[in-house]
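I'd like to ask some things about the structure below.
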Amino acid sequence: MSNTGKNASQNFTQTELLVHALVIELEAVQSYKDLAEQMEQCGNTEVAALFDKMSKLEAEHAEKIREAAGDVELTELPPWEYRWPGLEPPENIDLAGVHYLMTPHQALELALENELSAMAFFDAIAHDSTDDQVGSLAQEFGDDERQHVAWMKEWLAKYPPPDDDWDYDPDPPAAID
Amino acid sequence: MVRRMSVAAPCKLKASDYKSGTKPVWCPGCGDFHVLASLTKAIAALALVPENLAVVSGIGCSSRIPAYLNCYGFHGVHGRALPLATGLKVARPDLTVICAGGDGDGFSIGGNHLLHACRRNVDITYVVMDNEIYGMTKGQPSPTTAPDWDSELAPGGTGVSPFHPLVIALASGANFVARTFAGDVKGTTRTLAEAIGHPGFSFVQILSPCVTFRPDQREWKNKVHPPPVTFTTDPAQAARRVMTDDGFNIGVLYKGSRDIYGQAVERNAEFERDLDAEFLV
Amino acid sequence: MTGQPGMSFSVALLGKGGAGVITAGDMLLAAAARCGLYGLMIRAVGPQIRGGESAALVRLSSVPVECLDDRFDVVLGIDWKQAEQLLSEIAVDADSIVVTDPAEDAVPHSIAASGAVLRQLEMKELAESVSGGRVNMVALGYVAGLAGISQEAIRHAIEKNIGRKGRQAVDVSVAAAMLGFSRSQRSAAPQTGGGQAGNRWMISGNHATGLGALRGGVRFAAAYPITPATEILEWLAPRLKDAGGTLTQAEDELASINMAIGASYGGVPSLTATSGPGLSLMIEGLGLAVCAEIPLVVVNVMRAGPSTGIPTKPEQSDFNAAIYGLHGDAPHIVVAPNSVTDCVYTTQWAVHLAEATQAPVIVLSDQFIGQAIVVADPVPAISFFTKRKVAEEIPEAFERYAITADGISPMPLPGTAGGQYTADGLEHSAAAKPSGIASDHSAQLDKRARKIADFDYGQHWADIEGAGELAILTWGSTASVVREALQRLPDKVTGRLKLITLRLLLPVRQEDMAAALDGVNRLLVIEQNHTGQLYRFLRAWYDLPADVDTVHRPGPGVFRPGEIATRIDAWCGE
Amino acid sequence: MVRRMSVAAPCKLKASDYKSGTKPVWCPGCGDFHVLASLTKAIAALALVPENLAVVSGIGCSSRIPAYLNCYGFHGVHGRALPLATGLKVARPDLTVICAGGDGDGFSIGGNHLLHACRRNVDITYVVMDNEIYGMTKGQPSPTTAPDWDSELAPGGTGVSPFHPLVIALASGANFVARTFAGDVKGTTRTLAEAIGHPGFSFVQILSPCVTFRPDQREWKNKVHPPPVTFTTDPAQAARRVMTDDGFNIGVLYKGSRDIYGQAVERNAEFERDLDAEFLV
Amino acid sequence: MTGQPGMSFSVALLGKGGAGVITAGDMLLAAAARCGLYGLMIRAVGPQIRGGESAALVRLSSVPVECLDDRFDVVLGIDWKQAEQLLSEIAVDADSIVVTDPAEDAVPHSIAASGAVLRQLEMKELAESVSGGRVNMVALGYVAGLAGISQEAIRHAIEKNIGRKGRQAVDVSVAAAMLGFSRSQRSAAPQTGGGQAGNRWMISGNHATGLGALRGGVRFAAAYPITPATEILEWLAPRLKDAGGTLTQAEDELASINMAIGASYGGVPSLTATSGPGLSLMIEGLGLAVCAEIPLVVVNVMRAGPSTGIPTKPEQSDFNAAIYGLHGDAPHIVVAPNSVTDCVYTTQWAVHLAEATQAPVIVLSDQFIGQAIVVADPVPAISFFTKRKVAEEIPEAFERYAITADGISPMPLPGTAGGQYTADGLEHSAAAKPSGIASDHSAQLDKRARKIADFDYGQHWADIEGAGELAILTWGSTASVVREALQRLPDKVTGRLKLITLRLLLPVRQEDMAAALDGVNRLLVIEQNHTGQLYRFLRAWYDLPADVDTVHRPGPGVFRPGEIATRIDAWCGE
């Protein structure tokens, strides 16, 4: 199991922080892309478009982190060597949290949750880090996430919450083999 | 016009490079998406060359996985993935061979091959995406289904107690035994990488929810927990532990060091025997 | 609407997963039944398990129908998201009406190019205007209106389908449907009112198969799920229990067939159901049932092959495997229902034949027959007085595999004192002892062949219609298509034509066939597979007219009556 | 001219009355003769009525046993004895059903059915005459053969470790597990009687030497010994014991009390459902 | 001894288990070979595994022989304990010599009644006179003497057979044999010295099959033992290892065929061998190999069926299962060796065909061919330049299941960069993606049929001998019997006769057959099964002369040349 200790956020080096930050965004880019594809496959174009948009947003973010890294080379670690507070990178959208009939509102709620956890991740480092430079970089990343959180909330307000029976499918599933 | 990658070339592919681009037929939310993600990450972490990797499967939702990977694949018939993988690995020991499928494929119709693959200990990794159901045929009970789970085929439940794949694997001689939860991509990735790297027959049971026929399995993410103790190298101890656990222990449970089948054979030796001579009288 | 005998009206409802087109189709069929119409529905699906595009292909008619039409009168797309692949099965022309929602993507090119009349229907908007309303109900109301179905019938169908969800849910659905209905207008749909409400059945072939099995006396079933046979087993599970029997889920098909053999050895009529891959695994068990002389019914619902093939689509390509697949000389029986409703009869007959001959009987159904739902007249119960020739009184020198005149050796059931014997897949003497002696082998081979060849199959071996010097020979789901094709042809063609639909594929009925072919000088064999399996079988075993033609093509698409009518017409004119 | 024994008649037959008179094809000295003797004694001791007993088998030397018994028998195909027995018992719960065969039949080709028969727990007794070889096909290694046993098919040995049938049975849920030695007729008789009497799926492994292809097994009589402790009702404990024993412990090792499959069903009830009505629309 | 072309001498040695008749027969054959004779031996056994009566049926001849004679010149019984059942296969007449030991029971009634000449030989007594001497060696010496075999040859055969037991053992055996030899006297046995020592092979059909497989390039075999195929696997086990290959014992036949498919997918030519019950279990795997297009050889050594049948006896009754057994439309190849020695060639050809067409090939051998041991001329090695059409360079838009002119799609082997694809038993597109689309299905069905139908099988499809307006068509082990039968018939009969022995059973060769049947107006089909399986197949697929007759009867006894000659003679005269 991963090291999920509370103090995990204390001793990030700058490179480590950058690598973690980049991986968070890259994972998110991929996850949103996958989800967009899945929704497209199910004809849920509205949600597909949303996920697509999220993916692009995260891609921009990743680009920003690369810029921030400047000349520092960011080599990816084996997946299990990252130090995330939970099981997964904070902004890694939960693939299991989706449904082919989900509404844009639910999609945004999912995204919001992820932005929030990313924000908390960076905030914790900013707060706990003993290295000032790392601390301020984390603060910066945290603020970016705060911006995203604000957007999510804004968009959420535009979409009505789902009906009670939003996942009701009158038809039975198909057997294909 | 032809591309030919050198086999010896260093392989620095990203996890996403191991996806084939074919769109999965899976229901959004299905645990198998996580398994696909974990597997590509594990392969990328191990820097396996796509053309030297083969993923072999049977029939079922989970068994569709080879087509979604950028590697050699074989989507065989229901329940026979392990013999396919065995033949391939024995004939082509240079390849990394992974066998994948579901609980119906692997524990019901394919149960006998599991026993004997464990026993034989060929160097393959067997990944079972266990959703305690036959997903692809619309929700019939599998060998790991709880006895009281109501379904059309078994109204009111089967009344048959689920069997313990890990214990069976241990009793049959598997060389590496682990359980993971699909939603734990990081843990699954690490365990898969370890299993693939471990010599001999490695068995990984992945709890992989079927959101369509077992929406209750969305709860699994709250139930899984790491094992109370670290893995053992004593199969009898491991078996006893697993027989008495709650089924939600995740992590590596057993690592063995048995002899690997087919490794002793010297291959591509010159043909030495004069076959004709032996019939002369 | 085609200008055929009986007014027929074909509707395709398309939509992505969750849109509810299958439920709407189901209700449309039920509502039509209520108005005294007949009908049929099949479901077409994309590759996704959930959320993919699917289509309900519904056909309504004033007379019984058992196949799809060539074209659709109405195609309604709730959306057209991934409709392309499904549309290849849904032909439209300038006479067709295509209904689309202006809020959705435009109709696909193939439809637009057909010249069909486009009608806009704001399904989404209308549905949203009813709190909790659903687009599929709007669609239902609309097409029901086009089909001339009454509001009362729609309401009744909705009630029946979702009544268990409560008043509120029904009212909402009815309201949405009525909105659709109100936008609709009566087209040249079939006459309704031709029948009375409440005297129609709505049944799928797989359920009909289950019914036939129960009527025939089956009280044990062994199950291993496989598309498209699973519904037979799922339907049987609770009903067998009620009947004092059991359904046991097996670990694989090797187990399921052997469980059924074990149960039948115990005296309980037994069945299992599967499809191609499972049949392949049951071959060894079938041979055991032949040699040990155990009654057994194996229903094989064919799908496109070879190997895993196309599980959701029909094909008549397991013919060879069912007839010839067993190793050794292994006489057994193969029957085939020739329509959805005929599954009741043919399956019941299969149980009767198995019990009476102590042999395995394969029922060759297919995905179309099995999964299509028809509205039809109730299938009356019949009795074959099915009785196994059981040895109840055991004479002194009893021999289990005694050589008898009719080839059927009385079989003692466990529990019968003095009848103890060992059933065996090894060749054996009449006294059931293993034997490698030539005379025992040939005596048992002769007996096992004779009991099946000499059995009295009556007139059930084939359905024969019409008369003339031209004959068409077909079987299974193709039969309904041919039957309808003939109705479409002018009398001057059909007056010369005889239609022979084989129900008994094995054993061969040479005398019956000779009588049926008497006076026939040209024969056309029609079947749905790649190699003309029935045709080759007929050549092998029957004396055919010198002039034989064959129409065969593989799945996944089923034959359509117009297509076949054209082929027959051309053949007649040759 | 007809004899018809009343089913309810008290049955006071001798062991020899349960032999059919058919001469076994077995090699003189084969352990299976002992098994036949023990089985007839056990049946006689239980006073089972011949016509209410059915013995079902597969293919192999050992699987020939039904023909040598005076009862209903079924000599099925290789490896499928358990499904045959299962179908028979489920359909005819009034019969006593015994399933018998060899290690090849039961653990190799029939391995999957063993797993699932244990799991299902139908009330049958499964007797495996284990000679660690395929006798009838002239001496090929079976799943219980030692890895270094030399044979034509596996020159120098299979290199594959034997698997533990009793552990598999325990892990799969068998309700009664025992091991006996054919040469110990008294012990085998008692154990068989107990196994037949125990409700649910009882599994008895009988070490039954093949004098023709494994003359070394004549030594078994000096190796077997009673288990150090009495049976347990804890399958995990039993499994651990068996996984670590020397394979020559004989006696009853486990007794369980799981629910029996198919016992809940009420049989021959009047047919209550109006089948036609459900199709009316 | 029959008065046939070539001098032939048939000897049956009988004795209870432990008497060593099989070893004696083996040595007799080897000694005869040393003298330049040809010969054949089969073993007949009772039901016991050990200790039952068994018989070595040996035939020696000055010309190659591949079948048994109708009658025996000499029958020697070391004892007659349970000989009755075996004797049904051993015909004697007034010209036969029956050798019996006065210390044993009298000869059975059936023999005594034949009028055969009885000779007493004190085998037991003579054997006991040599310390450690055995009766079977006395018997060997005696019959070798009758057959005109030299003492040197006997000594040599004993040396070869038991030499590893040491000088002493050899000397004892030779001494005992010489005692028997000295009591013997030369009968009208075949001329010896017709050939040179050391240029004959002594080989069984099963070993010949193994040799053909190795010559063809097989380097992986999966094994599950079954009578009468096990010797193929046991012979291959050490030899594959030497050749850098592997034999893996599987848990069952489902595993063995899938292992072979897996290995072959990896690029290694693969084989498995079985008999009827195992073939039934391999049917699903065969279908997978068809659909996924994987080369594969399955040798099926037929025994009498159905089900477990009579495992130790031959029958040509798995023909239907091999040809038609697969579900769906599943084109594959079926070949049959037509003699013991032809197993080498036909199996090697099978490997070639499998590799070249990427399809499964079934080799239909039988218990007679497989377990008979012949002394024959060495079978020269040939080369088919077997090469799989492998995709080595992967073009940009590579498609694994590409539609090609010859139907054979280049196959990338794992390890080839860029060739990654998923082999599939689901129907698929050319690009190897699962597909349920009609055009993909029919394109792949067409391709899979075409690659097999259009392949160039050259002249190997059948062996054709003679010419005339009468033709006999046969296959497998029956072919040798027919061939010899024809040699026995007068020229005025055989001058009108053509013999067609099919080696390629599937695919059909309609043009070749038309050419072969050109000018033929009557056809006789001869085969060993109950239902005339080949005959029905020929009717189904070929245009046959109007007048076709059929000779078919089941096992367990093989046909004999005199019996067949009589049938042919009668048929010619009809």
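For clarity, chains are labelled A, B, C, D and E in written order, and residue numbers in each chain start from 1.
Here, a residue touches a chain if its C-beta (ideal position, glycine included) is under 8 Å from a C-beta of that chain, and two chains touch if they have at least 3 such contacts.
Just so it is clear, the structure is predicted and the values come from calculations on it, not from any experiment.
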Of all chains, the one whose CA centroid lies most distant from that of subunit A is E
Distance between the CA centroids of subunit C and subunit D (whole Å) is 42
Dist(centroid_CA(subunit B), centroid_CA(subunit C)) in Å evaluates to 38
In whole angstrom, the CA-centroid distance of subunit A from subunit D equals 58
Cα centre of subunit A to Cα centre of subunit C, whole Å, reads 51
Expected list for subunit E, residues touching two or more other chains, is 47, 241, 251-252, 254, 277, 284, 287-288, 292, 307-308, 424-426, 434
By the touch definition above, subunit A meets two or more other chains at residues 41-42, 100, 172-173, 175-177
Residues of subunit B that touch at least two other chains are 25, 27-28, 59, 75, 77, 79, 108-109, 111-112, 115-116, 120, 136-138, 143, 212
Here the pairs of chains that touch are A-B, A-C, B-C, B-D, B-E, C-D, C-E, D-E
Given the complex, residues on subunit B that touch subunit A span 15-16, 23-25, 27-29, 31, 33-34, 37, 41-42, 45, 59-60, 136-139, 182-187, 189-190, 193, 209, 211-213, 218, 221, 226, 251
Listed in rising order, subunit C residues that touch subunit D in their complex are 30, 33-34, 160, 198-203, 207, 211, 214-215, 219-220, 222, 239, 241-244, 246, 248, 250-252, 254-268, 270, 284-285, 287-288, 292, 375, 378, 381, 393-396, 414-426, 433-434
Counting only contacts in the complex, subunit D reaches subunit C at residues 1-7, 20, 22, 49-52, 54, 56, 66-67, 70-77, 79-80, 82-92, 94-95, 112-113, 115-116, 120, 262, 265-273, 275-276, 279-281
In the complex, the residues of subunit A that touch subunit B are 1-2, 30, 34-35, 37-39, 41-42, 78-80, 82, 84, 87-88, 92, 94-100, 102, 172-173, 175-177
Within the complex, subunit E is touched by subunit C residues 47, 85, 88, 254, 276-277, 279-281, 283-284, 287-288, 290-292, 304-313, 315, 317-318, 320-321, 323-330, 424-427, 434, 436-438, 441-442, 445, 449, 529-531, 533, 536-537, 539-541, 553-557
